[in-house]
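In what follows, subunit A forms one complex with subunit B and a second complex with subunit C.
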Partner chain A sequence: MRLSRKTRLALRKAGRNAVLLCLAAIAMIYLIGPVYWMVSTSLMTEKEMFQVPPHWYPHDPSFHAYRAIFGFNPELVAEVNARGLQVQNIMPALWNSIKTSVFVAFATILIAIPAAYSFARLRFRLSLPLLMAYMMLRTVPSIVLVVPVFMVLRTIGLIDTTASLVLVYCTFTVPFSIWLLQSYFKTIPIELEEAAWVDGCGQLTAAIRIMLPLAVPGIVATFILAFMASWSEFLYAVTFTKTLNSQTVTVIASSFIGIEAARFDLVLAAGVLSSLPPFILALIVQRYIVAGFAAGSLKG
Partner chain B sequence: MATIEISDLHKRYGAVEIFRNLNLHVQDKEFVVLVGPSGCGKSTLLRMLAGLEDVTDGTISFDGTDVTDLKPKHRDVAMVFQNYALYPHMSVAKNMAFGLRMRGVTNAEIEQRVAAAAGVLGLTEYLERHPRELSGGQRQRVAMGRAIVRTPQVFLFDEPLSNLDALLRVDMRAEVKSLHQRLNATFVYVTHDQVEAMTMADRMVVMNNGTIEQVGAPLQVYDKPANVFVASFIGSPAMNMIRAKPSVANGQKVIRSDDGLTFPHPKNNTGCEGGLIVGFRPRDLNVVDKDTSGAIEAKVEIVEHTGVETLVYVRAGSHKLCMSIDKQEWSGLGESVCVLPDPANTHYFDETTKQRVG
Partner chain C sequence: MTSVDNVALGHDAIDREQTRERRESFSAFALNSPAIIWLVFMAVIPIGWSFWTSLHSMNLRRPHRTQFIGLDNYFELLHAPEFLNAIQVTAVFAAGTIAFSLLIGLLLALLLNEEFPGRSLVRALTLVPWAMPPVVVGLVWSWIYDGRFGLLNAIFKSFGIIRESRAWALDPDFAMASLITAQVWHQVPFVTIVFLAALQTIPDEFYEAAKVDGASRLSRFFHITLPWLSQAMLIVLITQTMEALRVFDLVFVLTGGGPGDATTVLGWLTYTRSFSFLDFGRGNSYAFVMAFMTLLLSVFYIRLLWKRGEFAR
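Showing the complex of A and B:
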């Protein structure tokens, strides 16, 4: 039977849509899959976790791991400690992570805004070489810097403090923030500032009253990126912190895995908890992030 | 209000020289239009008046006060930008009030002045809207409103109508002109549109490659272009130009082109010894009888109807000439006609210096 042209076109379109749908589903599984697995496994008992064949969802959901890391499950804590691991209350670590990340994000924004504005608007000889130098800073592997930075921090007495982490994290969040913000500032037409100058503003007033409000999406996106970069950092945190005075959630989560034993349910529960603050933050300001990336990175 | 005096102005970007020894005087309450092709330096000059571009050398004075090194905020000028440059995060009222607020004007006076300007420009009902909620013409009005609330010494306009459609542009042209009459202020207006320049200016400043080619009233510039550039830039369609040399025919001094087209010798003989460029506007080229003395034989190639007039393109020797006549049906495509430029409105330019010689 010969199909009409209209039917053939409709079939072709349906086929194309089906392929696109499959690809989208694969991409979604790839992105959401690990998160689902983390959440679902964190609600399983250790026995269920290693079941063969594996369970795709917790058959008997339990919050035992969450209670343990918040210190409400002394039996499990004792059992795990007996295996040579050390279960610590995650609350101080969560607070340390929030404190460190918020400080880093604010410090980054405060330093990066004036720097980025200068690169975007002022003409000076070393503008490009300096920007390139900032880019180069990002290419140095963190591991190379651990020992020298440790020695510096020890000399100035900052080991095992939140301040040490804030200082160190800023060294990598500030350069990329300057890059991001300067390209965002460049997308804002210079005529707006010029109009403000003619209207009676100086350069600083025009920057504050005209540029800054218009750059809010870029600034928020930069803030989130700096927050997330410091939130998920592990290498420096594990090296420069020793106690719950300054240890962050990534360090505490890693302490549930030892050389001879591991409690994956605790690790995963800590993982879920540590994912929540950045997730909520990103959810609240998502429209700014999209606008920030669209104008700052892609167009700029 | 203010006079503007530009003296020996130089502007350089690195090795590139934009202006050399530019001089211009703008009288108090005058409407001066800077007109020229893209890249001629007219916007740069306007920006230098506003203080948005540094002056390499020379001075700019407002009412005898040297403002060359003053920041824009100290110059007491208002500027309307090509893309309006309205603050997107502020309402129309706040956009208009911004300059006043920056100058410490009281709230009561700001309100009164914004309301008055909005009334004049028909923006009263849009005061609480944001620029993105306005049409192109309304945005243009807000930009003008932002300028007029401040009652500055000098108003600067940088191609403010170029983003509007043709119909709106004509309306706004009249509006800007009436604004000038109402405010009785000094206006400097930049455009590349010669019709805009002709219709709005008290005086036109025709610019090319960073130099002022001619300054004068619109009709003066149109009727007596100072050189070949002005002659070809002002007027649409452009002036017909033919290279020719002084010669003698039947014992009379004439000007003759290489392909034999003959034109009367200019009354003023000075400077007519070398090569010349003969120019005449399409409107000054007429169809004549074959027997008319000096008649040029030509063949009709293209006929265009613009509505108000009919443009007839004819081939005379190796030259393509444009003739503008009152609107009429012209069916004689390919036919031979005799044409003759009006001797009273024929212009002569020195071929070497390109300057007017008669």
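Showing the complex of A and C:
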């Protein structure tokens, strides 16, 4: 009797797990399917890509698309460009994206750390209104700023430079970073710093020597999120950049797509390269992304 | 400082407290000044300038004909078919993305709230569509929607749903649905995580008490789970409306606002007005209407976060 009850329970649990795993599999097909399809297509030859019905996986995987967009197959690139496409070497654009995103991330944390400290550790009357103002600026759509900022950049001659992108990207990375950092700083107990003040240590020294080292995980996560946001940005980039002097990888990837003679193997190889850094970084700071979503401090 | 504290502290202490506060206010503004200066120059002044430009008739093709016309650009909006169309298109797009991302996100969150082997892996992979740059989301889906070799045609044909292939994103009847599907796929992770976070704070006692009272699984869901999620739903509602207002990359890659103006959302109209037609006066008035809508939404949003205690120390 006892055994059969145990077995029944085990069976029920196994049944429940099976149902949940089936549902999870459906969810994964929905969420990861398009990503799989991107990777798979980027590894297909031209002939295989245009199969009807499509092959579900590359039967004859090849890296020709990656070779082509890295400039190792000029013949193929010349051939598709003769058919009206604008495929070009992606290296300069990757470099521009890296440069822009690193500068943005550094500038962001340098600006956001002192501001976030003031909200976490100082008492001042305008603390709440200021924090709300930052929150509001975070929600302004880029499309609202793109025209006036374009006029400003044109006037000071910064169109088509990496600097222009760094200047404008910080307008959305700084507000969310201040928000994230101030809530992280508030979780660090103030007692250690207070002890240092008693020992005659100035508030600034205490902040730098004691709080900052404890805040390193939060600062690194903020750095990564700012990097990701600037890496993925498209609207400003496509408006403010004109040449490979400053065009980022999202702009170049979108320019590969032609009206008639689309070569999706090349387009999606560029897609894979532009998604790889954000994918890896998202997995690293998974926990912070989840916390940031839940607190409403990251955009959707 | 409460008044009781003030009495207890005496005058000297109050003075000291006041200088301390003054000093802290000063340091706070010093610490915030880089952020404030940056944002004032790159965001606040441009928005103000945008409003000022919207009060002019200004086309870069005829720069010397710039003229102050007051609110005329705004009055004209009310009669401009392109603007009224864009409002309607944006509303349909917003309603569609909200409805489906809410539904799919809720189902996914309920699934991830259960315990099963491999749950943490599934939860980690849920973030993947969110991490993908929106432009790449557009590129992937435009290949899936492809008129001759697209995956969607192949799947629908194999199930016998359609006979003839079609270019889904360029089809007048399906362009909007295609755009919504891609946007929902990109937004579902965010919605899921917001719901999941809310689900995990429901105290177990609620369910146990309901079980004791003999409530069925379904009635537990409708009487405990759903009401508990109302705040999370509001957050999703507001942020998704904002996302629908700011959508650009997907439209750029997938439909280009077409066919005709079937997918010309407000953001896309603003952009093409300004950069294709160089009609900066009109473009800026559209931009400012969007800024105003977002502002209203963000006031609601901040109130909501305030109620949830996100501003607390």
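Throughout what follows, the second predicted complex is superposed on the first by the 259 of 300 C-alpha atoms of A that agree within 3 Å, B and C clash if a C-alpha of one lies under 4 Å from a C-alpha of the other, contacts with A are read in each partner's own complex, and residues count from 1 in each chain.
Following the convention adopted for this analysis, a contact is a pair of C-beta atoms (placed from the backbone, for glycine too) under 8 Å apart; a residue touches a chain by one contact, two chains touch by 3 or more.
None of these values were measured; they are calculated from a predicted model.
**Student:** Counting only touches as set out at the top, which of subunit B and subunit C does A:M91 meet: first, second, both, neither?
**Tutor:** neither
**Student:** Quick one: classify A:S142 as touching subunit B (first), subunit C (second), both or neither.
**Tutor:** A:S142 sits against subunit C, while subunit B stays out of touch.
**Student:** Using the superposition on chain A described above, determine whether A:A163 touches subunit B (first), subunit C (second), both, or neither.
**Tutor:** neither
**Student:** Let me test your reading of the model: by the given contact rule, A:L192 touches which partner, first (subunit B), second (subunit C), both or neither?
**Tutor:** The answer is first: A:L192 touches subunit B but not subunit C.
**Student:** Decide which partner touches more residues of subunit A, taking subunit B and subunit C as the two options.
**Tutor:** C
**Student:** Applying the document's definition of touch, where does A:I210 land relative to subunit B and subunit C: first, second, both, or neither?
**Tutor:** first
**Student:** Have a look at where A:L244 lands relative to subunit B and subunit C in the superposition and call it first, second, both or neither.
**Tutor:** Neither partner.
**Student:** Flag every residue of subunit A that touches subunit B in the complex, lowest number first.
**Tutor:** Touching subunit B: residues 189, 191-192, 194-202, 205, 210, 213-214 of subunit A.
**Student:** Enumerate the contact residues on subunit A facing subunit C in the complex.
**Tutor:** 16-17, 20-21, 23-24, 27-28, 30-32, 34-35, 37-38, 41, 49-54, 110-112, 114-115, 117-118, 122-128, 130-132, 134-137, 139-149, 151-152, 167-168, 170-171, 174-175, 178, 183, 186, 228, 231-232, 234-235, 238-239, 250, 253-254, 257, 262, 264, 267-268, 270-271, 274-275, 278-279, 281-283, 286, 289-290, 293-297, 299-300
**Student:** Which residues of subunit B touch subunit A in the complex?
**Tutor:** Contact set of subunit B toward subunit A: 50-52, 71-73, 75, 77-79, 81-83, 85-89, 98-99, 102-103, 146, 150.
**Student:** Given the complex with subunit A, which residues does subunit C contribute to the contact?
**Tutor:** Subunit C residues touching subunit A: 21, 24-25, 27-29, 31-32, 34-35, 38-39, 42-44, 46-47, 49-50, 53, 104, 108, 111, 114, 116-119, 122, 124-136, 138-144, 146, 148-149, 151, 154, 157-158, 185, 187-191, 193-194, 197, 235, 239-240, 242-243, 245-246, 248-249, 252-253, 267, 270-271, 274-275, 280, 283-284, 287-288, 290-291, 294-295, 297-299, 301-302, 304-305, 308, 310-311, 313.
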